[in-house]
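See the structures that follow.
In the two complexes that follow, chain A is the common piece, with chain B as its partner first and chain C second.
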Partner chain A sequence: MTDVRVFGSDGLDATIAVLRRRGYDVFGPTLRDDVVTYGPIESVADLPVGRGDEQSPARYRSRARGDGALFGYAAPVQSAKAQFLPSDELLWTSRPGDAASGPVIERQAAERRPVAFVGLRSCDLAAVLQQDRILTQRAHADVAYAGRRAGAFLIAVTCSDPADTCFCASLGTGPSPGEGADVSLTEIVGDGPHRFVATPGSPRGTELLDAVGAGPASDEDVAAAHRVERRAVTRMGRELRTDDLVGVLYASTESPHWDAVAERCLACTNCTLVCPTCFCTTITDAGDLTGGAAERRRVWASCFTKDYSYIHGGSVRTSTQARYRQWITHKLATWQVQFGSVGCVGCGRCITWCPAGIDLTAEVATLRAGDTALKSSRAAGPRPSPRED
Partner chain B sequence: MTAATARETVGTDPMVPRLFRVVHTRRDTRDTHTLVLEPTDGVPLPFRPGQFTMLHSFGVGEVPISISGDPAHPEVLEHTIRNVGAVTASLVAAQPGTILGVRGPFGTGWEVGDGKGGDVVFVAGGIGLAPLRPAILEVIAQRSRYGRVVLLYGSRTPEDLLYADDLRAWARDGGVRVETTVDNGPPGWTGRVGFVTDLVPRAGFNPVTAFAHICGPEVMMRAVATALRDRGVSGTRLRLSMERNMKCGIGLCGHCQLRELFVCVDGPVFDHDRIGPLLSKWEL
Partner chain C sequence: MAAATKPKLAVWKFASCDGCQLTLLNCEDELLAIADAVTIAYFPEATRAVVEGPCDLSLVEGSISTPEDAERIQHIREQSTLLVTIGACATAGGIQALRNVADVAEYASIVYAHPEYLSTLATSTPIRTHVFVDAELRGCPIDKGQLVELLAATLAGRAPRIPTYSVCVQCKARGVTCVAVAHSTPCLGPVTQAGCGALCPSVARGCYGCFGPQDSANMTGMTERLVAAGVPRADVVRLYRTFNAHAPAFRTESERLAASGPQGGRQP
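Moving on to the complex of A and B:
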């Protein structure tokens, strides 16, 4: 029998309190400037109580739900990425040492307390697991990331009220959390008492549920949780067909459609910054040239900038066409070749936060439909690369 | 903060460099210098010809640079650097005694040994001879295992030819047929003028047994690869080394992606079969 528990919002408060007592920095959804984002929380009162959202291409609005739901909105503007792969991180500093041994390099120690998430969206949980695979399970590991993840405690939540921009159901990344969470919650509002059905996903999760005294769920609790999930699936505004994405995007390499997208795309980098799976970073060096102290930082980068592909003589991807193509091809196609899964978890953030409202599900559908037209235009041959002028 | 010497962190964090001291410098051309480095901790840096390091000038920055030294002597690290911007300017200006940071070696090698028993063709353009030098030295060290060995080398002007002493020694004692050409010959230049592709037809190798290794600007590599394939060299016996922006060297920063490839870990050396089709695509 699977272990399923139930508790009320006081039980959730107790959960946050226990995690804080155990030394975690607890993060959860909070309302900041009328936008839901993950931030530090100390109690249930810090959650966006009774708030919902409306998300559509280039549009986000917070709204009052008229109920007491704590998790009644879709993807917050930022995912958990900011906590595990910070947007700006000190890698090391150096100071001059003695002449024989040279500069002394000092690494940043794990100075932060371990992080716990309460109310992590299932799409964001799936994204964390993707970044784990990319950053810690390949030939070389990101040591700092691995350290932050190893200590983290994740309480994920079923999405009850997805947005028009959501399509996690197409990708199997939601609306209910899959593996990888220590505890998975489903919030039940307006169907009996306000309560949370909780399933432990690790021994630590079981232990936490015991510690807050979460009792066994009834058959009716479990059935109500299933109803929440089923309703969420039907409410998603978008869909992404995942068959043969590699074939479709590779065949579109020289599609004229990139010109149409580039007319709208501002190459502003919003989509990569809000994407929970995008992992690109760059390095910045600073130091005084007298041979004194120096420091290296690592900051988020985006394939939408010209610098990103710069090599002596000019950037490889000078055009917005090529940069949008890189982005969508990476998310949906080459990611699969590199890491064994689609690089999109269907959170819809890139659609909501794109100032031009560009929608990758629509773009890929156009490319799919244009398959034969593309083949004929491709016969015209490659455009010259500017690097070769 | 925990203080750690670079040595303690070797193998634990690939983003932290080891420290190397410049022990000797050589000016190769007007804009290109070779640095000879030794590890401050005395631990050698074995490498495969074709691999690169991320070379760090403290307080300035870090760039990918191929190893140009002899693989039989991992106790010294050699880099040949062309000054094209901020970091390379700082590196070519390094004086003996300067401490630099080194991460690596990273990436795939030429694996010239795959061509044992057959002819070997090296084709270099400009600074592209630097990454090939360790492979040429590897072949010369086991010269009897190979058939004919040819180096076709093109540069902009005669003053831009690298490793003049090496070129003479390889031709004289190494059993290497060395052919050079320049794009522009000054008055009085008696050598060849023309593109390096022009050297391919008369290089005198057996295309069926030959293994070819190409390094230079991307346009040049494309032209040479086409010329070699036209003569019958197969795409699995033809390798080239790619250049892309690199910030980590270890597959984590994303910058070096070329469609599904991470040039830093899947390359920089690729079989032409794999990389050739991607090179003809616009701004990939």
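Moving on to the complex of A and C:
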């Protein structure tokens, strides 16, 4: 029989307190500048109590829900990527040494405390597991990322109120957390007392639930949690057909639709920087004015910049057409070939936070519809690739 | 390093407000290291000492707006191994380039009691229009961090790291809330070059483009988004016509909008 527990807000507060006592830096959803984001939390009071959100293409608004829900909103502005793969990370510094030893290089040891997440969205949990596979389970592990992930404690949460931009149900990454969490929560509001149904996903998850004295859930608690999940599935604002994405995108390489997207796309990079699975980074070196000290940093990169595809002599993807095509083709098609899964977890962030309101689900639908038309028109002769210069 | 072998730095001023030169003086933490690493040959904001040219690095502030300026910049170029322009005036003509889309005689008659004493060109143009420029630092004013990076790179004989992508890159890297999406505040960040660290969005203001256009600015796309957010087309023209009004991407789009009347270049 599966181990399912239940506790109230006080139990959640105790959970945060125990994690803090055990030396974790605890992160959870919190309201900053009227936007829910994952930030440091010390107690339940730091969560966005009673807040919901409205998300649509290029629009985000926080709203009062009129109840005391702690997790009653959809994806926060940034995912756990900001904690596990930070936007700017010092890798090493170098300063002049004596003549015999040469420069002294200091690597930045991961001395930080382990991170715990309380209230990680189901889509964000799926994205963390994707980044784990990509950054730590291939030929060369990313040491800094692996170090931060190794000690991390993850408490995920079922989404009760998906946004208009959400489509995790299409990808099987939500609304309920799958494997990988130490504990999975479902919040129940307005269906009996305010409570959290908790399922441990690891021995240390079980141990934590024991430590905070979480008692067994009743059949009614479990049924209420299922109702939350079922209702959320029916509230997904968007849908992405995942069958034959590779075929659709490969057949679209010469589609005239890239021109239509590029009229709207501002090549601003927001979509990639908020995407929880996008993992591209670049290395920057800098020296100080004395010429003695130097440092190497790793910073987020985006395939929407011109510089990203710079090779000797110039950039390969100078047009926005080429950059959008690269992004969506990698995310949905070549990612499958490379990493064995679709690179999208359906969080909808790239739709909400795109200042041009570009919606990848709509763009794929257009490409899918155009696929057949294009195949017949191609007989008339090839169309030049979206490229300039 | 012996004084004789230190590279010579000069800071030159054309039509400008001195704000960019002051950025150099604001480098409090780095100022001693700078003074140690270079000989300051000419820097009217900081010292009266004048060292004879040629110089290794000339920082040029300001735009070309008079016949004398147009001549003087040629001499400075001849004396300089590297010439780097600093600020919106030097790199794009500055706010004074608004005259480029107006009648300078009419402007002068409104502003000056005796416009007949003025000797001015009909346009305010960037230094690049007149002489070869080795590198540009954008901004109104320039960013201190970029200036220090430029000096460190020049001293080390490497290329400076000056990104040309959008302000949004730095906005997201810093974890700033997007004012365009969260508040529907008009923000030129998507078409503006990074460098400031998303200063304005970090204080909940929209970017007004003081670093000029990014390398892939989609101006018509930006216009459509601003209009969709409720900015009247005539006001979009004004948004593009500030410190970088003469920068090619901003200028072309503002002229397209202005020429097409109140409905302003609506996409068919």
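By our rule, the second predicted complex is superposed on the first by the 367 of 389 C-alpha atoms of A that agree within 3 Å, B and C clash if a C-alpha of one lies under 4 Å from a C-alpha of the other, contacts with A are read in each partner's own complex, and residues count from 1 in each chain.
In this text, contacts are C-beta pairs under 8 Å (C-beta built on N, C-alpha and C of every residue); 3 or more make two chains touch, one makes a residue touch a chain.
Not measured: the values here are computed from a predicted model.
In the overlay built on the shared chain, the residue A:A82 is in contact with chain C alone; chain B does not reach it. In the superposition on chain A, A:L135 contacts chain B only, with no contact to chain C.
By the touch criterion defined above, A:T30 lies against neither chain B nor chain C after alignment on the C-alpha atoms of chain A. Within the superposed three-chain model, A:R59 lies in touch with chain C and out of touch with chain B [touch as defined at top].
When chain B and chain C are set side by side, the one touching more residues of chain A is B. Of the two partner chains, chain B and chain C are each touched by A:G287.
In the superposed pair of complexes, A:T269 makes contact with chain C only, with no contact to chain B.
When the shared chain is aligned, chain B comes close enough to touch A:V337, but chain C does not.
On chain A, the surface patch touched by chain B in one complex and by chain C in the other comprises residues 286-289, 291. Residues 1-6, 9, 12-17, 19, 21, 40, 58-62, 84-85, 99, 101, 218-219, 243-245, 247-248, 250-255, 257, 259-260, 262, 265, 280-284 of chain B touch chain A in their complex.
The touching residues of chain A, counted against chain C in their complex, run 32-35, 37, 58-61, 77-78, 82, 87-88, 262-270, 273-274, 284, 286-291, 299-300, 302, 305-307, 320, 352-353, 355-357.
Considering their complex, residues 91-94, 100-109, 111, 134-135, 138-144, 253-254, 279-283, 285-289, 291-292, 294, 296, 298, 301, 303, 308-312, 316-319, 321-322, 326, 329-330, 333-334, 337-338, 382-388 of chain A touch chain B. On chain C, the positions that touch chain A within their shared complex are 30, 33-34, 36-37, 148-149, 151-153, 155-156, 158, 161, 163-166, 168-169, 172-175, 177-178, 180-184, 187, 189-191, 204, 214-218, 220-222, 224-225, 267.
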